[in-house]
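Shared between the two complexes below is chain A, which has chain B as its partner in the first and chain C in the second.
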Partner chain A sequence: MAKVLMKGNEAIGEAAIRAGCKNYFAYPITPQSEVAEYLSKRLPEEGGVFLQGESEVAVGYMIFGAAGAGERVMTTSSSPGISLMSEALSYITAAQCPAVFVNIMRGGPGLGGILPSQGDYFQATKGGGHGDYHLLVLAPDGVQEAVEMTMQAFTLAEKYRNPVMILGDGLIGQMMEPVEFPDDLKTEPTNKDDWATNGMAHRKSDKRNLVKSLFLDPSALNNNNLVLKAKYEQMKKEEVQYELYNADTDYQVLITSYGTMSRVCRTSIDMLKSEGIETAMLRPKTLFPFPEKQVFDAAGKQSCKAVISIEMSMGQMVEDVERCVKGRRPVEFYGECGGEIPSPEKIIEIIKALL
Partner chain B sequence: MGKSFSQPAALSATHTHYCPGCTHGIVHRLVAEAIDDLGIREKTVGIAPVGCAVLAYNYFNCDFQEAAHGRAPAMATGIKRVRPDLMVFTYQGDGDLASIGMGEIIHAANRGEKFTTIFINNAIYGMTGGQMAPTTMPGQRATTAPLGRDTGETGMPIRMANLLGELVTPAYVTRQAVLKPQQVNKAKKAIRQAFQYQLENRCFSFVEVVSTCPTNWGMTPVDALKWAEDTLLPYYELGDYKVPE
Partner chain C sequence: MQTEIKFAGFGGQGILLSAKLLAYAAMKQGSFVAWIPSYGPEMRGGTAYCTVVISDRLIGSPIIKNPTHLVAMNRPSLEKFENDVKPGGIIFINSSLIPVTSQRTDVTQLVVPVNDIAIKAGSVRAANIVALSAFAAKSKLVDLELLKECVKEEFAAKPKIIPLNMEAFDQGVKIAQTA
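This part shows the complex of A and B:
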């Protein structure tokens, strides 16, 4: 298929349609409102459902209702909106419904700013709502990957009956890049008759289905949490995605970075290489499950003197990196947040100071 | 002679946890009878609230989802929009619908979502133990209003049917009661009518039911019925507030 030039936000909307998602509920917020604008035009053309809800709180539950009824469904928002949806995310996860949430991050905390940021790593990977749960979190580094991950997200959400989050940032949402939509990433929806509230009429058994998160009996609640935990363990085994860059060299420093930030780091690595200094990068593509073993192994390379996590945050993913490096190398951090993305020159300066 | 009284198919055999004399049981039965009458049980999805009816999914014999506090109308919107062929109803109390869920119910009604809401108004928070609700009457005692509701501090009780009846979008909005047999019969007709409008894909339908909470009112069931009749009905007037053209 030929490539088309598209803005990230619009490409995410189109990717959902190509993945077979016909249902979208959202509330406007910068810097991702173009997804809603795009889908308000495209979904009716596809015979799908577009609805602008009255708040992100309500949208979270529209998603819950639709997912509980067994239909593929997506919403998109940005940081403060995701905070409001976090209530629903906790419920949806507990009730084991598949759904896709996209967070095109902006700076925080509070109203923050509308420029790109990676300040929602904790919220996305550790659970922004209450209770013991995880989202499966995919972090694209550009528009093409945002498309592919959005398409994969529906398959993963159904495989695990768990919400999947695409964690991008304002730059990925706003920039234009040539993209293609790989047809082979579209999957058939799973059969949901054994749990979804899709009406008893066409089901084989007379069993009614309940979509719920209340377990007043302590052992029943514990069991539900064990079921969720088993899914997270399975994700750790089967879904880890990452990329290594320049890692077949005798690198002196290992950078960990994801999303937009990793693109800048790549440039710095190339520039350092031309000066004769080898550095490498491990870029997690899944933030949960995190590439734990891969970070440990890459940090342990004999030539590697230090690990540094470079983020558009005040230091969030670095906590996972430290956890995985297990003290075998010093773990440093550099980050900026507020909307300005650290430049390649700045990163080079920081890295040289480590040598 | 044929059987004149039997259990509706849309009600399960489970014993409810409702207090003796509570009117929730009556309203459950009326909803189940309407579902049976219209023959829609196999395509009905109920939404349970947070409140005394949180376990409603155990008592109805159809698919059910359980919402967070106040969010049932948003969930119902999600289901009904993606599966317009299903019949969807929410069953909510006054803390759930008129307090924390005010935004969700107003907007669902105003969009004209084609689902049905059964709204139990008993002027108090039941499950959490008798706290003041937006519907609590002036001077009525609650655990968070030990001297009685002070309307200078908390405003006047909200009349949901009146409020929703003011919206311009076509809808069926009615207030009924289940304090006397005649009222129960009328409420039954209203609930059936509400589902009928949904079945015809006509409009949003809302049935407020003035109910009792003997436990948290600190009354016998009989006294509770009398208090509701004397105190609630003059303020919460029964009747249709909006009927679709």
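This part shows the complex of A and C:
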């Protein structure tokens, strides 16, 4: 298929349709409202359902309902909206239902602002709602990757029966870039007869399915947590995605950065290279599971003097980087937030100070 | 090689569309492109702007502080952004609405009364197309025939206004060649 020029938000909507998603529930919020605008028009054309909830809290439970009934379902929102959905995320994860949540981050905390930010890293990767759970978190660095990750998200959500989050930011949502929609990323929905409340009529057995998150018996609750834990361990083994940039050189500094911020870092690395200074970047594409071993290995290269995490936040992913570097190199941080995006020149200045 | 073009004006002047058409033509020509709107809180009547990046390699930072060229459709846009343009670039000035030129001497200034030309072509609403084609003819960033096709394609759902925009396009090219 030929390339088309599309806004990130619209491309995410189209990718969901191409992945076979027929259910989309949402509540508008800048900077991601175009997803709802796009799908409110496109989904009915495809025989799907778009429904605007009365709030993000309601949307979270509409997602739970559709996921529990075995349907492919997605919602999109931005930071404050995701906070409101976090209760449902905890319930959906406990009940082991697959669903796709997209967070096109804006500046916080509170209502914050509407410009791009990466302030929701902790919320996305460490929980957000209550209890012991994780989302599988994918972080695109542009419109093409947003499309591919949205399509993969449905497959991963069903493989693990766990919600998957696409963690983008306002720039990725608002920017237009050329995109292709790969046919080979669409997968057939898994058979959900064993667990979903998808109706008895077509099933061979008469076993009743129950989708729930309440386990009053302590050993049953402990067991449910062990099942979740085993899934997270499997994700760590099978789903880690990352990109190394300029890492085949004798780099002096290793940058860790993701999403929009990583693109600015890429430009800085190129500019430093033309001055004869080698630096490299490790860009996690999955934020959970985090590329733990890869960060440890890349930091350990003999030429590498320091690691620096560069983010549109006040320092969040850096905690995972520090954890993975295990003290073998100093780990520094630089970040700006609220919609301020560090410039390539600023990053170069920060890196030169480390040499 | 990377070129960045900032389009600026007030809301309703078709800034975002001009920029999108340029990006679309460059994409069809095989370049890497990005179209980045400003979506910050803006007052009514304030400046709306948008940046197009055209590159022969994967685009790194999409945040551009110093563009190669500027297309200024109103006076506040010129005053706000003229000093950001890199030396050697083009500053396009819509002289129908901007009674001054830039103080910069290290850039090429292309002064075109786009609103007047658009009115003569049939409607002031085609001013953005005049600006687009005049700028494209001067900067030679994309093939003009291809760009014209992209304009036609954009208005495919409204065939009535295609002749107006084709005329506006041709007039823009013509004036850039004489300006």
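Operating definition for what follows: the second predicted complex is superposed on the first by the 355 of 355 C-alpha atoms of A that agree within 3 Å, B and C clash if a C-alpha of one lies under 4 Å from a C-alpha of the other, contacts with A are read in each partner's own complex, and residues count from 1 in each chain.
What we mean here is this: a residue touches a chain if its C-beta (ideal position, glycine included) is under 8 Å from a C-beta of that chain, and two chains touch if they have at least 3 such contacts.
Since the model is a prediction, treat every value here as computed from it, not as a measurement.
Aligning the two structures on chain A places chain B and chain C next to each other without any clash. Judged by the touch definition given at the top, the superposed model places A:D132 against neither chain B nor chain C.
In the superposed model, A:A201 lies in contact with chain B only, and not with chain C.
Of the two partner chains, chain B is the only one that A:I63 touches; chain C does not reach it. Contacts of A:E349 after superposition: neither chain B nor chain C is touched. Judged by the touch definition given at the top, the superposed model places A:D270 against chain C, while chain B stays out of reach. Of the two partner chains placed around the shared chain by superposition, chain C is the only one that A:T30 touches, whereas chain B remains out of contact. When the shared chain is aligned, chain C comes close enough to touch A:L171, but chain B does not. For the three-chain overlay built from the shared chain A, the minimum Cα spacing from chain B to chain C equals 31 Å. Residues common to the contacts of chain A with chain B and with chain C across the two structures: none.
Against chain C, the residues of chain A that register as touching in their complex are 3, 5, 30-31, 114-115, 170-171, 174-178, 260, 263-264, 266-268, 270, 339, 341, 343-344. Interface residues of chain C, counted against chain A in their complex, comprise 20, 23-24, 27, 32-37, 39-41, 59-63, 65.
Interface residues of chain A, counted against chain B in their complex, comprise 22-23, 25, 49, 51, 53-55, 57-69, 71, 73, 87-88, 91, 95, 197-201, 208-214. For chain B in complex with chain A, the touching residues are 41-45, 47-48, 54-55, 57, 61-68, 71, 74-83, 85-86, 103-104, 107.
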